[in-house]
Every structure is written in C-alpha cells, then in structure tokens.
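Next come two complexes built around chain A: one with chain B, the other with chain C.
Here is the complex of A and B:
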C-alpha cells in the first residue's frame, strides 16, 4: 500500500486511526498497529465475520469490525473489559462446542483458539461440554482432517476457493449440525484433489487440518505462541502460515 | 442400511434439469424435486447436479444439508411431520404423535423397516387456528385427532397416493373473524396499477410517503424510503421480492392473504416494480405453503391474460414485469431478507454481512426490494386510494391497520384486522379469551406480555408485531412454553456465527435443566448472561431475538420457574438419571426401579 491521501480517520479507544475508503475497521486497525481479537479473519482472504470475536462498539452500537467498512466519525471502543469478557465467552463457547483436548493436540502452542483463550484470560471452559461425536479423517496420504477441532471459520474453504482454485472444502448442515465437508462423493479427504502444498492446508487456526509426519518437529515450548502473544503474531504484516 | 445404487440417476434427473435449466440459482428448486423422487438427496444425485450446474459438489451438499425438508439420509415414502408449535402442543400434538407412532410400530425420527413411513416433528406449519396440524409429503393436515390418524394409518398401509386421500383431511380455512379496510373492502384487479400509471411513479411514491406505510414483517422500515432508495440505486436490473416465508411460530395471516387476496399482493408487487424500475419479481413461498403453489400460479396466469403482468402492462409501452414463485424448503432464517435473497440464488440461507443492503446490492448483487406479503397488499390499496386515506387510520407513527393471527387459548382463533392502536384487552375480548395470563405478541422473537400489561396497544410505538398473537390462559405452564421457544431457536439457528449457533443450544440446555427440576439460582444468572451475549454479539435478528422469551419470563413471570429451582447454589448439568434413558429404552422398562431416586 502506498500513501494516497489518508485524511479520513476513525478513533479506536481514543487513538486516531486513518483509513481509506472501502477499508474495514479491522484492516484499518491492523495497519495502524491496533489489535482487535479475531479468529476467522485473515487479511489474505475475503472477510467472513462468523466468529464474532472482533465485534467492537461503534458509536455505542456493536458491529463486526472485519466486515464493517470504516467511516468518518466512527468512535470505536475495542479493548474494554465488557467486550473482552464477551469475547472470552465466545471462545468458551467454541471450546465446549468442539472437542478440544489441548494437551493431546499436535497444534498445541501453534493454535490460535488456544492463544486467544490465553489472551482473553480464559481459565476454564465454563459452559457444559457438548461432547458431539465428530469424525477424524485420515484417508489422505499427507493430511489429517480432525473435525473435533473445527471452529467453522471457513478459512480453508476460502483458501481452497480463492487461492488454490479447487473448492476442496465446503459447509453443510445447519445450526449446531453445521459441519465442514469435502468435495468427494465418499466424503473422504483422500478422494479429493487436496495437496499438502495447497494454501488451504496451512491456514487452519486450530489443529483441524494437520500435515502428517510433522507433528512434533517443533517441540512444545518452542512454538509460535509459546513465546509470543496472539496479539503480537496476528499483527505481523503477513501472518505466517501455520505449521 | 446398505447404500443404495443409482445407476439410472442421469436419466431420472433429466426431466428435472429440463424444467429448471442450468442456472445455479435453480439449485434449491432442483433439490426439492430430487427429494420428492428419491425421498432423500442421494450422494450420486449431488454429484450429478453439481456437474449439470457447473458448481462444486460441496455447494450442492451444503444446500442439501441446510433445509429441513431436504435430507441427506432416506426418509419414508410417506413422511409425516407433526407441527411442534406451542399451539399445536397445547392442542395435543405430542400425544397424537406418540399414538400414531405406537399404532404403526415406529419411533419418531426413524424410518420404518420397509422404508414406507417416517414420522418426525417440524417447526410451526402456520395452521395454529386449526391445529393440531402436520405435513404429509409437504401437504398440510389440519384438525388432527385419533379418528383422523387412524384413517391416515389405513391409507398409508394401503399405500394410497397422498393425492388420492380424502380432501377433508387437507381442508384449510381462512377463519377471517374481523375485517377492516384491507380485508373487507372490494378490490378490482388492475385498479392500483391504473391509478399508478395515471398519477405517475414519482407521484405514487409521494402517496406512499404520505401514507406513512411501514413494513409489516416486524422491522417497520418505511416503505417509501426503501422504494426510493432502490429506485435511486444504479444497476443492470432491479428486483421486486415478496417475502412469503411466514415462519414466525404463531403467524398465519400471509397464508390467508395469499389464499384469498393474491391479486392485492401481486398488484402491490407490480406497483412497486413500476416505481423501482423492476421487470422481474419473485414470490418466495415458504415450503409449508407449497399447497398454495398451483392456486397462485393460476392467479399469475389470469393476470397475464388480463394484461396485468407480462409485457406492456395495461398497454403501457415498456412497462414489463412478471413474477416467478420460488419455494422454500423449511428454514425460518429465510424470512430474514438477506438470507431470503441467498436462498433465491439457490444457496444456504445465511444472512449476509451488511452493508451493503439489498436496496443497493440484493438479488444477484442488483438493487432489490424485499417486502412482506401484507405490506404489499397495503401498498396496492394506497396506490389505488391514496396516502391520506391510509394515514387517517391508526396512530401517529403506525398508520393503517394490522392483521393479527390469533391462536391459543381463545374461543375464536383466526384472522383479525384492527387499526393500529388497539389494546390487548379489546383483542382478547373479541376473540373470546377468558382468564388470560399472558400473550406472546409477534411470536417467540417478539414480546411475552403479562396480564398486567393488557392495557398496552399494538403499534410501532408500543407493541410492534409481525402478526402473531398467541394467548395463554391461567394455569398454562409458562416454563414449558418458553422451553418450546428455546428449542425452536436452537433448531432454526443457521449456524453461521458463534454466539447464535452455540448460544441457542446452551440456552435450550439450561431451560431444559430447569424444566427437569435440576435448575438452581446460578442457572438464572447464566441465562441472563447468555441472553446478553446473543443480543449483542450475533450476526442477525435471529440471534438478537432468540433470548427474548427467556428474558421476558425471568423478568415478568418468576412464578413460572421459582418453584422448580433446587435449594442449592449450583447443581451440575449432568443428569445421572437422564443418563439411564438409553438403558430404559433398550429394556423397554420405565418402572420405579429403572430410575434413580
């Protein structure tokens, strides 16, 4: 991005944040170094707006910052105890909806859901676990698909569609039965044209899509979120692919 | 069950494809027909449809998995869905369903061994004034009782096609009990269009503004503003959509308008089309009202023949407009206008991110107006009779009249038209409700009103409503009513955003826990907190309103739940005795010794 006239500004928690027409509150914030918690957003893809962690208060009204275009005179409240408490509740909801067993998960330490929980000071899942039966698909030679950990952010759906041009993933079902599906009549990942080199294989914020035979290449203790907060990692100009 | 093979699938689907063409926005219409042919959507059909439409297989599977009336697993050749709206429940539907299942040796939710029959429940079918109701293969059954179910069981055992069943089983009445200007005065088809052409579009828009007409679907947005915004939006094409996805439990006035006042509704669409510059219109008809499809098609055909639809309407060169009916397939969320547009495009009914709004980027990203059935009927009257006349009725901010769908504990359920401003007392008197305890105004997403508030009035200023008016007399278990609503929202959440997808489930579980005598004071706090999260963090109106009945109960009806609470600060959600249910089912035992104390 060059420096075309960025005369328009919004304020986020009292700080002036410039924006360009068409830019969302989230992208304006990211560019200005202001962190708004998020899970389903990744600036490399079309905004989605489903996790709702990035909801901010705009002139007193709650709005989803990753999809809401910034507009002059917006007074945004972001890093407030109230919003962070609601965000923590959303993360807790995601934890009880799926089956997230951090100590037994390969993604532990690289997982954005886990890192968001730390960031928001979540000490327990609070709600009653759903214990929904969900499948693990190991049919692909190079990739595991473990739906126990899927938070329905649709990053893999978007990456496969927008970058890989393959449409390997989609969403079916409704309500609590909403689920990730793959592009094969058998329903098995091994019967799709998915490849470990696809962008979609490297965007999962949790441990749902895992490359086989790499599990513990980086030992626990030396992983992304073991020494950095999610608020630092997600602010880096180009989010690294998750290994 | 063994996976079935479908070697002839392409030949079987050819006539369906023939009817619907290759446009991807026909996907839902195609899937509806496939469901009718196979009694589910076979994986082979998904592959075949994806190839035919040139879309990814995941898109087809996504849509097939979203709508309640489509199924990815086989259902019975005869599929009976009992309406589980609260009024159907009060009229005895749960017992009738058990009776029917017992009679035919069947479990709800399962398919009989011979694949002949499956029985399940479904969200409100819009027959609350003549329930208990159900659907058989999509056709409405009303006034169910043991005698009728015995007959239905015989018909199914005899494998008689549903089209040959006795018509009395399917009789649906209008039950118009009170008419005002909208329902009572005669209307000559074409009158509103003629007046619009004579006056001109800009002048007719001014009449709309003078009328003060606001949307009847609940939100109450100014019709004149919506139409002028759409009219001013640039686009290759403009679209006029009638929202006939009347899914709010307890509402059935649009069914009556479409059955007996379809000309008025079509005329409202045509006037709107003239003003916004649309040549194409859609009527999105909820799947439950599929039985009205042929009748509505006939109305459209008659209007085309009379020069009221089609090319050069009423001889006006260049005034072209026609209406296509699009069927839903069981999804409450499609009443939300942007979800409805997604569904029209043959997609999952997922509400869009806004802005942009449909008036600038709607159907196929073009400027689109979506209006409720009743709104369009009002618009036709206003076009014909002028705005002042309309504004003279009602209250300052709520001009005109409102049609209410009254059901529940009253002697005369049915359709009542009132000028805005009418009090609940008057309404309850008129419909013969005695010893009323509470009224659910505007359905589960609306407001639960206690008897202390019966002096309040129906209006945008006080009690706005999309039309549902469900009466509960003293002695009704309000907790059970709220439980029904909590289950409804959990079933109908589209699943897109976290707070609604998970929150509606958590809410349902906690209300169940209280209803099952395991609730504590901490659960009440939990419900309030959940309600706050859903109201403030959800993606659309469904999530925003899903906690309404629960929060209203907590605030206004402490008697409904206080006595159910345990004398503890906290009790775990895990129900030890409930966990034995599977064992009781397997053994067929339900005696005292099969329960924990």
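Here is the complex of A and C:
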C-alpha cells in the first residue's frame, strides 16, 4: 500500500510497459497499446490459454502471455520473426483442421482467424487438409451453428457460462476428437434456451455462430478487417461484435 | 536481332470457375504491357493444348479428377516457376465443399434424384475423367513455388504479383491485396 500505482514495468521488444500486480503480460500489453496476436483471448473474459498464438519469449522461455502474470523486470520478446513464424504455423494448422472456405463464409472479412492469417502473411495453409466431416446445426430459429469453422477457443462456452448464466455450450472429447457440444439431450441448439441477444452469440472469432437473416448485410470489401489490420482493431478500446 | 527473349507463360484452370482468368483479363489495357514482356504458351487464351517449356505456369482451381492431375503434372514438369492462383488452387475452395459428402451420394443427388433430358443416369463415358473422392489443393499434389490467394485476386493484385515475378523481384502483396475472399 502507498506505493505509486503502475510503478513496476516489464519490457516488450525493448519498450517499457507498466503493469499492476496480478495483471497478465497480455493485459499489460493491451493497455500500453502493444499488440500480441491472439484468438482465444478476449479481455472481457477470464484467460483460456489454448490457441497459443500469444506465446511470447519471457527471459528466454516461451509462455502464453494471456495467462502469465507480469513480474518486475521481465524481458519479453513478442514481434520477432521466430515467434511470428510459429504463430503462422499455428494458424495454418487451424485452417487445415477445420473446413475454412473463406469465399463461402458469411464471416469473411469479420473473421479473426482470417485476420490473424492476413497479419501473419499466410499465403497458403501449407499442411495437408483434414477435410473432416463436421455438422451444421440450423435447428435454432435465429442462430446457425457451423462446426466446420470452430477453432475451440471456448469463448462461447465462457460467455454463456459467465455472462448469460445459461451454460449452452461445452467442450467434449480429447485430442483430435475435441469438439464443441451443445448442452441439450438432443445435442441440438434449437432445444436450448440460447437467444440471439446472448453474449455467447456475439463472441465467436470465426463464422461458427451466426445470426440468421443478417447474411451479407455488410458487403464483402466493407468489413472490419478488409482495410484494417487485426493489430489495429484489437487495440481499439472495445472489440467490436462479430457482426 | 538479339531481341531480349520474352518470358514464356502458361495458364490453366483445373477445378475452378475461370474467375481468376477473368480477373487477369481485367488488367485491361495493361494487357498490352504484359504482352510486351511475355508470350503465352498453353492457356485458354491461345487454345494450345499442351504445355511446352515455360518460365512461369499459373494454375487456377483445385484437383478434383484424374485429368486435373495430368495437366498439373505437365505444368510442373515444364514450368520453372509454378504459381497457385485463387482460393480453389490453394485450399480446394468452393468445389471442396463436396469433400464432406460421400461421392456416391453427390452423384445420386445430381444425376439420379432430379430428372434429366434422357432419363436419370450417372454419366459413365470412358472419355470422362474419373472424379476423386475429394477436391485437393494443388500443393498437396505437386510442389508449388508461389501462392496468390483471393477469390479471385483482383486485377491490380495479379498485375503487382506478375510484374514483381517477371522483373525478378520476390512478389510482395500489401495488406489490402492479401485476401482469401
């Protein structure tokens, strides 16, 4: 007590970044306007640490910045060719694991997976595509659930549990069998009390959860990431809703 | 005499919609500049049927049948630099939407359940190339040297890419030129 707030600092790529006790490297960076690529992190929710895009080098060791508390005198490397190359490989693996057909996706231009790939200059998915069959659930009157595009960030799980108090979504299975499931005996979204106004309907970084009858309201070419990099958009005070 | 040899360029469309070729034609009057730098080998523009030795080969579309593989391998064999252009060549694209549907189910839906002109039958002429179970991106079949994403890439993007390549620079796209849609 009594110590001046924000007196402690870490450095990220040589820049001094102040932090408060308990603050993660990610949140300190966001507050200081330093962009660390991330997909499963959204500052409105508890960190999850699963996408690994936000891995930075802390005093020479790689750690997820969204879960690692900042500590005095940490020396963090973030925007380096090595880390960005690893990040690009992670994004490429997400692209081949799901079925991400951007020209046929309503989220194109608003998609954070796509925007992260643009930011990292991904020219091809590089790896062998899985082309795994995944279900589309159109049973809900107002919302589509397209599991082809799910990257298992758990943002909808967290939002439904923590904000909406509904627990509509969950993650089931292990390893390559891990998948998003709907908490209903039938497994169908239409048999839950999920609503288009729920927070969980507006946090998906990809086109997995889409509101019906909104398609192409904003034309391709005029969407969030068509002209602005994700590094600019995610530095804005409030991340825009997916639509 | 001693005129500088022109770059020889071939193009083809596999499981694509020719949209990338249309976008190339959209460079409009720059086509004259392009033709000052290159000459076409096999391409839908010349109707040459087989690819000879080329400097650059541009492949649109994914690989969905046996004929696509023959064409692709011919391009790889004869082109020093092979470019995959557009979403289909790079990810399978829209044709790859069928990858999660059993091929036989696809055939029945298209040819058996809806009435045809001469009754409902699945085409089975030996002249028709055999379709594959899935549509594959070209890089899963042959080595690809450069990727130019977009559906299609804009005329400006294609022009920037081609002029970089022809003039010996590493092709580099600005943020707004790198698109997957």
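Here, the second predicted complex is superposed on the first by the 239 of 243 C-alpha atoms of A that agree within 3 Å, B and C clash if a C-alpha of one lies under 4 Å from a C-alpha of the other, contacts with A are read in each partner's own complex, and residues count from 1 in each chain.
Keep this in mind: a contact is a pair of C-beta atoms (placed from the backbone, for glycine too) under 8 Å apart; a residue touches a chain by one contact, two chains touch by 3 or more.
These figures come from a predicted structure and were not determined experimentally.
Asker: Please work out whether A:103 is in contact with chain B alone, chain C alone, both, or neither, and reply first, second, both or neither.
Answerer: After superposing on A, A:103 lies in contact with chain C but is clear of chain B.
Asker: After lining up the shared chain so the two structures overlap, which partner does A:86 touch, if you call chain B first and chain C second: first, second, both or neither?
Answerer: The answer is first: A:86 touches chain B but not chain C.
Asker: Could you look at A:128 and tell me whether it touches chain B, chain C, both or neither (first, second, both, neither)?
Answerer: Both chain B and chain C are touched by A:128.
Asker: According to the stated criteria, A:75 is in contact with first (chain B), second (chain C), both, or neither; which is it?
Answerer: Neither chain B nor chain C is touched by A:75.
Asker: Chain B or chain C: which reaches more residues on chain A?
Answerer: Ranking chain B and chain C by residues of chain A touched puts B first.
Asker: Of the two partner chains, chain B (first) and chain C (second), which one does A:55 touch, if any: first, second, both, or neither?
Answerer: Once the two structures are laid over each other on A, A:55 reaches chain B alone.
Asker: A:114 in the overlay: touching chain B, chain C, both, or neither? Say first, second, both or neither.
Answerer: Touch status of A:114: second partner only.
Asker: Please write out, lowest number first, the residues of chain A touched by both chain B and chain C across the two complexes.
Answerer: 128
Asker: For chain A, which residues are in contact with chain B within the complex?
Answerer: Per the touch definition, chain A meets chain B at residues 47, 49-53, 55, 62, 64, 67-69, 86, 89-90, 93-94, 96-97, 127-128, 130, 151-152, 167-179, 181-185, 187.
Asker: How about chain C: which of its residues touch chain A in the complex?
Answerer: Within the complex, chain C contacts chain A at residues 84, 87, 90-94, 96-97, 99-100, 134, 136-137, 139-140, 144, 146-149, 151, 175-176, 178-181.
Asker: Quick check on the complex: what are the chain A residues that touch chain C?
Answerer: On the chain A side, the touching residues are 95, 99-105, 108-109, 114, 117-118, 121, 123-126, 128-129, 131-134, 148, 220, 226-227, 229.
Asker: Which part of chain B faces chain A closely enough to touch in the complex?
Answerer: Touching chain A: residues 43-44, 46-47, 56-59, 61-62, 64-68, 72, 331, 348, 353, 355, 490-499, 501-506, 509, 529, 532-533, 536-539, 573-574 of chain B.
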